[in-house]
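The structure follows.
A, B, C and D are the chain letters, set down in written order, and residue numbers restart from 1 in every chain.
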């Protein structure tokens, strides 16, 4: 069975959308990860702020990395996000996971997305189901 | 005050991320829209299926278009999505809004995301706040 | 293995809170149920309208009945509710389930709560996990 | 205008359902509250554990008290709860609010529900809309 780092390396390999987002891994261990991206012009909507899908995508990747890093393939089944602060061009977004619950079958994670001034821009909550399939 | 089509045209103009997603407007009127995109290789994750952020981004745009088309600037305050079916490369995703509630101040929308075979791939729910600012 | 009706009868037997709510089963089959209650004075908050917990409790029971009626013990893992209309004393609330997705392991249900005038008062969404344990 | 304590006293007066739940206020100030209840037999479902509606109702009351205590009448518009641990008869449930965001118009609160052993039994998230009406 692979360890947390090997699993996420495998997930990121050939992951075109994460490459496009230029997701950067800051920290990672079983059930936890902290990742970031830098907002660029292609991520903006018509108001010249980041599209809500950018924060969501970063948090959804963080959820996937944290949950899969235990070694079982994990599938997201329900996620929610509250956007509370505008995200501007050139902002750095950091998503950090907090595991609220884990059983053999399901996991619950809250993820706070902050900017480079350490201000929260969005709160994400995600539930995953852990399958029987191992990463290898 | 602008009409629904003029407002969404204005929103889409200079909207780099929607351009990148190649979002296509199928139908649109006050409080309603139906939009689509075609999944391409850049939207895939390491499992060779579409990243969850792609369905979310399409639905979040649909929410914004439907809610803003009344003429008041609307802000998304809480959204959730349940992913229920894998989305493959070259699939077409269609997001259609259903307005569940609207007051002067807030609106509630459910959005179903289907693929080219008319099978649901995700269910999205979004709440917006209507500001006092008019589109003009 | 028990059938849908036998399972829900067993769930309701000794269910003190559902007795207190005076929940009434209108219709029931595998993966579906429609139940009601009549609001009384004990269910009101300080504004003389029904406490939000009343609609939630009715919908949560509907979720449990619909999901358990397949024969596997099902556990609710994530639920949300949007309250959109005031509920008055003596109103009848009806909760009807709609199964959006079902796999061996998880199920997703939307539940609309209407009043005696067939107007929606709340929208509920719930995800369950199906355990290996049979009802018997 | 009334202060936080006066507002919540007014909310609780004639609040029949909170009386039935025997909700107890532990701490309260603007934008914050901590309340509890003791589970009794009438709150149990057919599995002899507390019905999910009990934790929800406690958290929903906490949301209402925290948000209304600023002086403007606040309305809950979207709430979600994840139940993660069984609640037994005679357990004490404590709900404590954490204000994640507040603007003139909307507020976002996370609420953790713990038992007498300080173990989390549920996580609640709620969004409110602040009306123009003052408490007086």
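By definition in this document, a contact is a pair of C-beta atoms (placed from the backbone, for glycine too) under 8 Å apart; a residue touches a chain by one contact, two chains touch by 3 or more.
The shown structure was predicted, so the numbers you read here are calculated from the model rather than taken from an experiment.
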item	value
Pair of chains joined by more contacts [C-beta pairs], A-D or A-C	A-D
Chain separated most widely from chain D, comparing mean CA positions	B
Distance from chain C to chain A - Cα centre to Cα centre, in angstrom	33
Distance from chain B to chain A - Cα centre to Cα centre, in angstrom	21
Distance from the mean Cα position of chain D to that of chain A, given in whole angstrom	30
Residues within chain A bordering two or more other chains	77-78, 80, 82, 108, 127
Chain B to chain C touching residues, read off their complex	80, 82, 84-85, 100-101, 108, 110, 120, 123, 125, 127
For the chain D and chain C complex, residues of the former touching the latter	10-18, 20, 41-48, 50-54, 56-57, 60-61, 64, 76-83
Residues on chain B engaged by chain D in the complex (per definition of touch)	77-78, 80, 105-106, 108, 127, 129
